[in-house]
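Chains: A, B, C and D, in written order; residue numbering restarts at 1 for each.
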Amino acid sequence: MMNFWTKLQALDRRWIYLVVWLVVMVPLIFPFKIRPVATPPVQSLFNYIDTMPENKALIISIDYAPASQAELQPMLIALLRHAFAVHRKVGVLSIEVQGLGIGEDALRQVAAEFNSHARTNADSVLNGRDYVYWGWTTPYITVMLGMGQRIARVFPVDYYGQKTESLPIMKHLKNYDDAGILVSVAASAYPLSWINLAQTQFGIHLGCGCTAVSAADYYPYVNSGQFSGMLSGMKGAAEYEELLERRMAQTGMDWGLRRKGTEAMSSQAAAHLAIIAFIIIGNIAFFITRRRKS
Amino acid sequence: MRRRIPLILVLVTGIFGAVAFFIPHHSIQAADESMRNDVQRIIAAFSLVLGVGSILAHHFTKIQRRTANWQYSWVTVVTLFVSAVIGLFGGIDPARPGILPTHIGSFSFHMQTLYMNMMVPLAATMFSLLAFFMASAAYRAFRARNFSATLLLAAAFVLMLGAVPLGRMIFHPLPSFAEWILAVPNTAAKRGINFGIQLGILATSLKILLGIERGWLGGG
Amino acid sequence: MNISTDPWVWIAAILTLAIFSFLYRENPFYRIAEHLYVGLGNGYAITFYWHRILVPSLIDPVGHNPSIVMKVWLIAIAIIGALYFTRFIPRISWLVRIPIAIALGYYSGATIPRAVDAEIIKQLRATIITRGQLAHWDAALWAIIILVGVIVTISYFFFSAERKGALKPLSYAGIIFIMVGFGASFGYTVMARISLFIGRLQFLLGDWLGIIK
Amino acid sequence: MLSSVFSFLLAAVLSPPAGVSAGDVPNDGGGNIEVTWARSTDTTVIGYRVLRQTQSSEQWETLGFVGRRSLKYDDDGARNGVQYRYKVIAESNAETAEAPPSGYAVASSQWFDTNTLPALIGTALLSFILLHFINRARKDKNLFIRRIAGLDAVDEALGRATEMGRPTLYVPGTSSIADVATIASLNILGEVAKKTAKFGTPLIVPNTDPVVYTVAREVVKESYTTAGRPDAFTQDIVFFVTDQQFAFAAAVDGIMTREKPATNFLIGMFYAEALILAETGSGTGAVQIAGTDAVSQLPFFITACDYTLIGEELYAASAYLSREPLLLGGIKGQDYSKALIVGVIVLGTLLALLAGLPVLKYL
C-alpha cells in the first residue's frame, strides 16, 4: 500500500498528459450537456438585446483575427441567432481586416439556419432586408466616429459590393440613433476605443465579448455601466447559448442548433476538474507518505 | 577609445531619450520620432545578420564535426535558405508578387502560405503544450507542504473551481470570491512587487547612462 | 468522416502532431519539426526585416526622397547598423559596441521618466485611500487591504537589513500576499491555456479529419 | 392658437450651441487648437459640425463632425502662428443651427509639458537617492546586503553538474538588451561562467536576440579568461537560435532533452514560453534556478523550478554575487527609495483621510 502512494507521488507526467488529452478530446467528439448558469454580465447583455425596442438594430463589430476564433466565434454566432430570433435588424462590421472572412462565414451559417426553418417570407432572414454586412474600412477612429453621423458614408458599398444606400435595411439604420446596442467582439483593446470614441461622443449603448484573459481588465467598465453586459471566453459564450436556447424554445424555435461554446465547455470543465482531481490526489498521497515516514 | 566612445554615446542618446519625455516642442518630438522610426528600426534590422551568421555557423560546425544528431542540422540550414529565398524574391504580399513565382498550378508556396500553414500551427501547438504543462506542474507543485505553499494551492484551487459550473454548485458565492482574490490580494502583491521592479529598472538605467554598469560592453 | 484533401492542411496537421509527440518523448519527428521551425523562423525574420523595415524605411526613401539631407542621414544610420558586421573582424570588433550603445542608451534613457510616471506615480495614486472610497464599507475595506498588502509586499524586498524585529512579521505577511497572488494568477490562466489546446484539437478533428464539424 | 403656433416654431427651429470659444492646446508640440462650446438644448441634435476660417481668408472650411455628447473639438491641423477662428453648427436629421464664431486663436509649441512635473520631480528625487548611495558605496566597502536564498543554490547546482559530468544550460531571457532584466541576467551569467570555467563543466547559452547574443558571447569569453581558462572557450558555447518566441522554445526544449543538462538557469525576461521551458527542464531531472521580473510568469517559475529569484531579487542577486560595491550601493539606494514610496503612501492616505486634502491632485 505504501508503495502505491509513493509511486503516485512520483507519477510519470505522461499519465497526466494522457488524461488531459482524453478529457479534452472525448467531450469534443461526444459532447455531453452541461447546463451553464448565466453570470450577471451575460444575463444583462442578453436581457438588453432581448428587450430592445423593435425599431432598433443590433450592431456587431468583429474586432478579432482568426487566431482567437476558438474563443470568440461562438459568441458571434449566438448574438446573430438572438437578434434574428427576436426579429431585430442586424448590422455587422469588422475593425480587424483579418476578421472579414469570419463575419461572412458566421452570417452565412446563421442565415441558413433560419431560412431552413422559415415557413413564410417574413420568417426568413435576408441580406439587405434583415441584415447588412458592411465589411471593413480603416482607420478605426473614422469608423467609430463616422458611424454616429451616417453609416452609409463610412461604408459606401457593403462587403458584397452593393451600394449601401440602396439596401432597404439602411432606410432605418442611418446612424447610432437607430441602433439599440453595439457589441464589440474582440481579442484586443478595441472595446475601450468604442467607449472612448462612440460612447462618450454619441452615447450609444455598448456590449463586449472578449477572451478570458482580458475579461479582468474589462470588469470595471461593466460595473460602471459603460458596458451593458459582457461575455468572457468560451464560458461566456456557453452561458449566452444556454439563455438563448431557452428563449427560442419559448417561441417554438427548439431546433437543436449546434452550441460550440457549450461543447467546448464540457472539455473545458472536464479539464479543470481533472486538474483539480490531480491536485487532490497528489495531496492525499503526500500526506499519507509523510505520516508513514514520521 | 574602445570603451570611451561607446560610453559617451550611451550618455548622449540616453539623455536625449529621457528629455524628450518632458519637452513637447515639435523640434524635439520630430527628432524623437526619427530616432525611433529610422535609427532604432534600421539598426535593429542589421543586427539580425549577427544572429543568422551565428545559427548557420553553429549548424555547419555540427555537420562538419558529425556531432550527435548532426543530420537534423541540414533541416534547419535548408529550410532557412529556401524560405529566405521565397520570402525575399517572392514578396510578402500576395497581391503584389515578387520576381519569383510562388505557385505551381493551384498549389501556392508563397511566404504568406508558409506562414499560415506552417508557422501558425507550429506556434499554436507549442503554445498549447502549456495546457499539459500547467496540469503536471499543478500536480507536482501544489502540495500543502507548509503555510505559504498551502496558500498558493488554495488560491489556485479557488480560481479554477470558480471557473466551472461545479464550483457554483458546491458553494454559491465561489465565483465572486475568486474574482475578489484576483482584484484585491492579487492586485496588492503585484503592485508591491512592481514598485521594487520599477526602482530596479530606474537604478539600472541610470547606472548604464552614467557608465557605472558596463556589463554590456563585454570583455576587451 | 470527411478527411481534408488540401495538402497544406495535411502539412499543418503533421507538424501539429510532430510537436505533440514531444509530450510522449523526444523523437525524430519532433526533431525534424523543431529544426524546420528554427530554419523557417529565421527565413521569415529575414523576409520580414527586408520587406517591412529595410525597404520602406531605408531603401525606398534613399532612392526616392528628394531631400539630400534625409538621404545622407539614412545612409549614415545604415553605416552605423553595418558596424554590427565588424564582430567578424577581430581587430576592429569593438566597433560593434557603437550600434549597441545607441540602442541601449536611448531605451535606457527613455525608460527612466516613463517608469517613474506610469509605474511609480500612477500606482502610488491608485494605492492612496481618499475619503470618497470610504462611502461603501466593502470598497473601503478592500482599499485598506490593498494598501496593507502593498506595504508588506514591499517590505519582503528590503535587502539592507536581516529579517529581524519588525521586519520579520512584515515580510512574512508579504509572502502571504505574494503566494495568494501567484496562486490566483496560475489558476486564472488555466482556462485560457486549455482553450488553446481545444483550438488545436478542433483543427485536427475538424479541419483535418472531419470527425467533428 | 397662437401659443400652439409658437411652440411649433420653437420645435422647428433648432437651438444652436452657445459660447463657442477657441484656444491653443497647452503642453504640446503645437499644431493644435481646442474649440469648446456649451450643449444645444435640443434633444434632436445628432452632433456638431466644426468649421474653421483663417484671418486672411473669406472661406470657411469644414473640419469634422462630432457626436451630440461632445463639447469640444481638437483641431490638429492648425499651423503654428496662424490666426484661426471657428464656427460650430448643431445638426439634427432635418435642420442645422449656427452659433456665432469664436474669437481668433493661435497654436504654438511649448518647451515644457507641465503635466510631467510630478514625473520630473520624482525622477530627480529618486535619482538623487540612488546616486547618493552609489557614491557612498565607493568609500564604504562594507555595505550590508542580506543573503538571498536562491543564490546559495548556485554553487551547489554547478557542483552537481560537475560531479555528474553533464552540461549547464543558461538562458538569458527572451527579451532585448534594452531590458533591465537582460542586463542583470548577463551579470549573473558572467559569474556563472567563471565557475563553469573553473570546474570545467560544459556551458550552453542559447539566445533569441542577436544583440544579446553578441554581448553574452563577450561576457562568457571574458569570464573564461578571468578564470584562467581562455582555452576552454569555444565558439559553440554561446549561440543564436531564432527570434521567433515558440521556435526558440521548441529548440531549447530539444536541447534540454537531448543534452540533458544537470542544471538549468532561466534568468531574465520571459513571456509565455516560461512554463514550456521550466516544465521540460523539470522533466529531465535538472536542478533549475529561475529569476525574472516578469510578474505574470513568476507563478509558473515558482511551481516548476527549484529556486526562483522574484522580481527585484534578480537585480539584488547580480550585486550580491559580484560583490561589486557600486552595484551594492544601487541596492541600498533602492531600499531607501522603497521606504520613501511607503512613506508617501501612508502620509498621503493620512492627509487625504484626516485633513481631507486633495492629495491626488498633486501627484
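In this text, a residue touches a chain if its C-beta (ideal position, glycine included) is under 8 Å from a C-beta of that chain, and two chains touch if they have at least 3 such contacts.
Remember, predicted model here, so these are calculated numbers, not experimental data.
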If you tally contacting C-beta pairs for every chain pair, which pair wins?
B-C
Take the average of all CA coordinates in chain B, do the same for chain C, and state the distance between these two points in whole angstrom.
4
For the pair chain A and chain B, the C-alpha centroid-to-centroid distance in angstrom is 29
Per the centroid of Cα atoms for each chain, what is the distance between chain C and chain D, given in Å?
11
Give the residues of chain D touching no fewer than two other chains, as numbers and ranges.
116, 119-120, 123, 126-127, 177, 180, 210-211, 214-215, 241-244, 246-247, 250, 258, 298-300, 302-303, 310-312, 334, 338, 341
Contacts with two or more other chains, residues of chain A listed in rising order
13, 17, 20-21, 24, 216, 235, 268, 271-272, 275
Would you mind listing the residues of chain C that make contact with two or more other chains?
19, 22-23, 25, 31, 33-34, 37-38, 40-42, 44-45, 84, 87, 100, 103-104, 107-108, 111-113, 116-117, 120, 127, 147, 150-151, 154, 157, 178, 182-183, 185-186, 188-191, 194, 196-197, 199
Among line, ring, star, complete and other, the chain touch graph is complete
So, in the complex, the side of chain D touching chain B is made of residues 27-31, 80, 109-113, 116, 119-120, 123, 126-127, 130-131, 134, 177, 180, 183-184, 186-187, 190, 207, 209-211, 213-215, 217-219, 221-222, 225, 235-236, 239-247, 249-250, 258, 272-273, 275-276, 278-280, 282, 293, 295, 298-300, 302-304, 310-312, 314-315, 326-327, 330, 333-334, 337-338, 341
Contacting residues of chain A [partner chain D, same complex]
13, 145, 148-149, 174-177, 198, 200-203
Touching residues (chain side chain D, partner chain A) in the complex:
46-47, 65-70, 93, 283
List the residues on chain B that touch chain A in their complex, please.
120, 124, 131-132, 134-136, 138-140, 142-145, 153, 156-157, 160-161, 163-166, 168, 175, 179, 182-183
Quick one: which bits of chain C touch chain A in the complex? Just the residue numbers, please.
23-25, 188-192, 194-199, 201-202, 205, 211-213
